[in-house]
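So, here's a batch of structures to check.
Two complexes are shown next, each including chain A; its partner changes from chain B in the first to chain C in the second.
And now, the complex of A and B:
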């Protein structure tokens, strides 16, 4: 199925001028990669709305076609199964993001604000942003109601301790391009470095590869 | 990650099936076109399609090249002799073996023996893996190359190894005069993050 995915093509063209044509198979592979990265990165990653939208487009296109297929065709079950598999992929990806937003809501909103001030690309989609803000409000409201019963608690003090992801946690990764001189532990002073060759796999501290993950040079596994 | 999710990723590997019915139309999946399906003509499809068709008795599954006694014995011996991990014939060998032997053992000769050898290979690799982890932790390693490990093997050490290395790093970086209060909070938040997302 050599569909030209115009939406994705356009968004990618906005970023760089390469003329990228994705087959739907490549799109699904990309979605898998995005899912696994989000699953294993301790922090929330930049959103991939354009990939999600394309995949959802493919699914509804396929579902529309399926309605025309007679149910006696053995292929129908397989198409249906594929749609379900891909839908799982998307749903699991979005849920992982929501879980992170719930856990690190204050941290994420603060970072988003700073990104906005620096006019960098935001990590949350608009809907996620709304969800985060509402979640934060409700959470604070809830805490306030609960602590009102116990006057004298250092509530303001607690607010300044923000739950943040552990960026030093260890992750498994696979190199998609050759990268030289990855600093193994930036938090320590020694300059131990590792060179990644294409296809090699390592376990490393996440903060050594944060940028490489976001650029897509390495993939978490 | 659940083992089922590793299987999910592994099920896009292509396997050869021999259809038992004829259907000249291509199977036009989102993940690619497969077919045509002609009785007796081998054709490659993703593993999950093969399993589905096999269950409906529409096909026989041909085992991958490496899934035969001699090849597996050779792999097993090499794995025993080598100090490092050898490269497996498929990066999802466990997933493929489990799925194919699970639903199509009647299509494969000496399926039980094959199952035993693959299990042996897995056991040898797992014991090697445990001793390498032991070595890594003793040597205070902060990174390790795991190129020849398959995803299922990596997944089996995921609950413990990253967490261990993280704890060691924390103990090394611990500064007693940093102030107790801030230490406390970072412990709370960190342990929370490791439990929420590393499973």
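And now, the complex of A and C:
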């Protein structure tokens, strides 16, 4: 994998001339990290649209370059496969997010609203937000169709039992920076803490490392 | 017994985990009638106990409460039935694309068909909005292992044009060596079979 990436860089020059200087290898690494985090976190994480957009730009750039290569070139196949792999990465990341949005639609929309009120950063991109709202409307419409045989039924009841992600589920993680005093199980009183050293791997309950994941201090694995 | 039919409905659901049996209109109608009956009975009893309270008689409150619980349970079961069917339908959207196979379609209710087309267009709209020209999330469902794969054709599909312009004829039992990205959709639709 690394070899191929290096190979890629020889043929494809970086097109990142933004203020953040990233080689494409670093960019892909970042994308991988984002993808793995999203895959293993029980709740939806803040969106990383910049990364996704960068990677997509990279993909179309690479594809354009590939077209100029003759199809007899042996390297073309390898590069094409690499492009496919990167595309899978992005697509899988976005699919995971969509799946979470669909499953926890009410929960997520409610949280987003609260975040908007507190003027915090939103977790969903604009497009995802639209998707979520429309999905919720369609679902409600369908439920109403199913229960409109008698007007005035207490069918709004289902909204009081919102499907929410299990924040207490356990995750495997790897510390990227040293963090001291991570409180394990904040609901208990005996204040058991854990210190994370760089590169250490742990299994912890997700809710005790939520902020660390979002800040990027730890990486889910 | 209350809610027995709703229970049958849920059992039907759990027997068909990943398949969509015909929409059970008859059973749902029966449950609806049961709910309606319960509501009417409740209203009558509530009326009586309202009147009788003045005369200091025993109230029907416990009966009414039990019936109310039964109504709620019935509705929960109905919603669970519908929700799980939608989930199944959603997976099919990812599997088959926006056009459902006719045998699945005949098993759906009108409302489900409407939901499906709405979901489909919602999804397409979302996929179009990603990046500059959009990205099709319904391909690349599995991590790519190799660029080309060997496939066997299961049906007489006819002509199939590849991205590079070459056309090949997909006949039953013929074997091809094709780019994975291009035949992935056909594999999911059951036209091709991946030969491992």
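Quick note on the criterion: the second predicted complex is superposed on the first by the 197 of 221 C-alpha atoms of A that agree within 3 Å, B and C clash if a C-alpha of one lies under 4 Å from a C-alpha of the other, contacts with A are read in each partner's own complex, and residues count from 1 in each chain.
Keep in mind that, in the parts below, a residue touches a chain if its C-beta (ideal position, glycine included) is under 8 Å from a C-beta of that chain, and two chains touch if they have at least 3 such contacts.
Predicted model only: the values in this text are computed from it and were never measured.
Trainee: Both complexes share chain A, so when I overlay them there, do chain B and chain C fit or clash?
Mentor: The answer is fit.
Trainee: In the superposed arrangement, which partner chain does A:194 touch: chain B (first), chain C (second), both, or neither?
Mentor: The answer is first: A:194 touches chain B but not chain C.
Trainee: In the superposed arrangement, does A:81 touch chain B (first), chain C (second), both or neither?
Mentor: both
Trainee: Classify the contacts of A:147 with the two partner chains as first (chain B alone), second (chain C alone), both, or neither.
Mentor: In the superposition, A:147 contacts chain C only.
Trainee: Scan A:91 for contacts with chain B and chain C and give back first, second, both or neither.
Mentor: second
Trainee: So, A:56: does it touch chain B (first), chain C (second), both, or neither?
Mentor: A:56 sits against chain C, while chain B stays out of touch.
Trainee: For the three-chain arrangement built by superposition, which of chain B and chain C touches the greater number of chain A residues?
Mentor: B
Trainee: Could you look at A:164 and tell me whether it touches chain B, chain C, both or neither (first, second, both, neither)?
Mentor: In the superposition, A:164 contacts chain B only.
Trainee: Can you work out, in whole Å, how close the C-alpha atoms of chain B and chain C get once everything is superposed?
Mentor: Scanning every C-alpha pair, the shortest chain B to chain C distance is 7 Å.
Trainee: Give me the intersection of chain A's contacts with chain B and its contacts with chain C, in residue numbers.
Mentor: Looking at chain A, the two contact sets intersect at 77, 81, 85, 88.
Trainee: Quick one: in the complex, what on chain A touches chain C?
Mentor: So the residues of chain A in touch with chain C come to 52-53, 56-57, 60, 71, 77, 80-81, 84-85, 87-88, 90-92, 94-95, 98, 102, 127-128, 130-131, 134-135, 138-139, 141-143, 145-147, 149-150, 153-155, 157-158.
Trainee: Using the touch definition from the top, list the residues of chain A that touch chain B in their complex.
Mentor: Touching chain B from chain A are residues 1, 23-25, 28, 32, 36, 39-40, 42, 58-59, 62, 74-75, 77-79, 81-83, 85-86, 88, 96, 99-100, 103, 161-166, 168-172, 184-185, 187-188, 192, 194, 199-205, 208, 221.
Trainee: Please name which positions on chain B make contact with chain A in the complex.
Mentor: It is residues 1, 8-9, 21, 23, 25, 27-33, 48-49, 52-53, 56, 58, 142-147, 149, 151, 154, 158, 161-163, 165-166, 169, 172-173, 185, 188-190, 192-194, 196-198 of chain B that touch chain A.
Trainee: Under the stated contact criterion, what part of chain C meets chain A in this complex?
Mentor: 28, 32, 35-36, 39, 71-72, 75-76, 78-79, 82-83, 86, 90, 111-112, 114-115, 118-119, 122-123, 125-126, 129-133, 135-137, 139-140, 142-144, 146-147, 164, 180-181
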